[in-house]
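Please find the structures below.
Look at the two complexes coming up: subunit A is in both, with subunit B in one and subunit C in the other.
The block that comes next holds the complex of A and B.
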């Protein structure tokens, strides 16, 4: 397990809905759609910017699902890395203040920026 | 003249008699003469040489007004004033695209959408058949028996009215090349199409249904608030309307499963 802690924060540039055990997340920046399974949903729901990933894995994943800590942590790092690449969540090495969310200000500032449409129609993107 | 699609009539204003003739031919049963409209599009017909025919379509928000451009038109839409302008040559394709975009902009705040789907009414209930290109939308329309009224083979019009979802006929035709009937009915089911050796209706979970629905919603303005509205609309639709996968072999027997 890595010694550097990771703190996860949900992006302001998303729309999300939990449907059954899964969570559907769509980026409002590029309309990419992700479907998180039950484990992904547990991590997503705990991504509050102040709980380290190792604690999330211990309390929300290993206790609920039949996986070992190391295995779950390795999978989770890959998983959150993919989400971060698409701007679905951000990763920091220190807790993030709940009162400081520069993404929200950025989201509002970019709300009127021209965007290329999908001429063929459809909210499209890479589905996970 | 007023073009009434989805119960949201838009007055299309033009002083060009040739363009008016084109509109009457293109929109036929969707033209209403005896009603007024809160929505209006003023069309300025101009020389096609002023456009860059290679330019892709773009839709964006400028202040409180939507702007849309493609190689063959420039247009604006003010959702507050419910007025817009179009600059295009005298052809039916440009205004058709503008109408599709404007309707998506009008529908999103009320939880409706245009969907890549054929749709039809049978026994007073509407059924939608959605999928990507070549999935079988037009095939389902072609195979429809005589007791089925086609709403469209290309772009289905979905509105939420008093908490219920309705499908409306549209003039937006696909390979069939014919406008749908200008009628509406409550939606009984959405079928996501998949070609197969036989016919069967398969259950799918809500997350997959919503994801596949989102992939087929026509949406041109990728502005954050609009994207959220479409996302919410898709989630609400799937929560309210049965969504199945329809694995089908392209012959008339598939309609034995519908209605």
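The block that comes next holds the complex of A and C.
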């Protein structure tokens, strides 16, 4: 996985919504909650199974956030690896048919400051 | 602060309705004695209209969607609506009496990734449960459905609404919930009918029974902590809001009417005339509601219970003043701590009889 291209697909077993810069994701399997920041959101929204991670980084991260390609790619690999571990994203070495996502285009993250993709998960009850 | 609290705070600051409660019908196959709805289906939104509403909710940022009724599964398009909502990536909860959920439906709900199925169970005894629902065999069918759901790993939450007829069964229902592997919520709320008729609130438990509930460890956890009064009221509380209704929560009726909450029948608009976005951001009723901070509440801002009282502005509204106290919550605070509320003190320490009012407890689970 380290040298081959990575293609990302969002899992069907999630609920997700982008609110401004952040994306709220909840696994429907175990109710784990994730909140992605602006960079994470940019990667998440581009995870269509067809666009290689390097292209996502180039087009959605480096051009929008003040960060070098190498640095962003290393951070992104760690980030998508964490999401994949929790089953909310899958990674493959070849393009895959994306999960049918009729979601209307949500507001894309607007870059305001350099940021490192980060993911924070915590088991939480779904009660509000 | 939990991630969800953080998102709720951000949603409040941005004016995003993070949660929506959508009743797709008020028709029902049960006739619960305490139900606050009439069961007329005339004029319900069509499948297309409901899908459009769901799509609009996704556009404005709603994440948590409760599909409810009446009995939502009475609509033939219920699964179509659920599928549509899940395709739009909502976190979907389904509120149902479950009598129409068999093995096949349980599998479909699992495949759809429904977050939770919420079901009312009034007693572990069929003669009590069925007398409340007025549907013979309903407890058996509901319990069978819960087992099908659990076999498929669908999360289930049982709500046990307390009334005079069944309050003595609450512990047994909780034990049954544990045995079934489902969540248990106790709810002493009897909501008046949305048309203003309050007669059903007479079915609620007495003040002594409420006091008893609040001193039962199984229901409230640490009784001493739960019942101890907290009197410090800082700016953080006074600058805050009573609840999420109208801030991050909206309710939509089967006819497209929009309200702040199912228990807050203040008309804000109708989706057959305006878009949800227009109603949510521009309706004078929502704008007025959002202008009310705790410090603007003439009685509650002076009350020693303010810090922890679950004052419901919807119930206060139904009593005629959304800035006023809710007598059910005054009674609850009194039952909990033994200290009269500001409203009770102003009325010369006269505690209104509980059954003529309303009782609501939240946060017991």
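By our rule, the second predicted complex is superposed on the first by the 96 of 128 C-alpha atoms of A that agree within 3 Å, B and C clash if a C-alpha of one lies under 4 Å from a C-alpha of the other, contacts with A are read in each partner's own complex, and residues count from 1 in each chain.
Keep this in mind: a contact is a pair of C-beta atoms (placed from the backbone, for glycine too) under 8 Å apart; a residue touches a chain by one contact, two chains touch by 3 or more.
From a predicted model like this one, the values you see are computed outputs, not experimental measurements.
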Query = Which partner does A:38 reach: the first (subunit B), the second (subunit C), both, or neither?
reply = neither
Query = Between subunit B (first) and subunit C (second), which does A:13 come into contact with in this model arrangement: first, second, both, or neither?
reply = both
Request  = Considering only touches as defined above, state whether A:22 meets subunit B (first), subunit C (second), both or neither.
outcome  = both
Task = Once the structures are superposed on A, label A:94 by its partner contacts, choosing first (subunit B), second (subunit C), both or neither.
result = neither
Ask   = Residue overlap on subunit A between the subunit B contact set and the subunit C contact set?
value = 13, 15, 17, 19-20, 22, 24, 26, 28-29, 31, 33, 35, 120, 122, 124, 127
Ask   = Which residues of subunit B touch subunit A in the complex?
value = 56-63, 67, 114, 116, 133, 205-208, 210-211, 214-225, 227-228, 230-232, 234-235, 238
Residues of subunit C that touch subunit A when the two form their complex = 2-4, 6-8, 10-11, 14, 16, 18-19, 55, 58-59, 61-64, 86-93, 113-116, 155, 244, 365
Ask   = Where on subunit A does subunit C make contact in their complex?
value = 12-20, 22, 24, 26, 28-29, 31, 33-35, 100-104, 106, 120, 122, 124, 126-128
Remark   = Touching subunit B in the complex, subunit A uses residues 13, 15, 17, 19-20, 22-24, 26, 28-31, 33, 35, 107, 110-124, 127
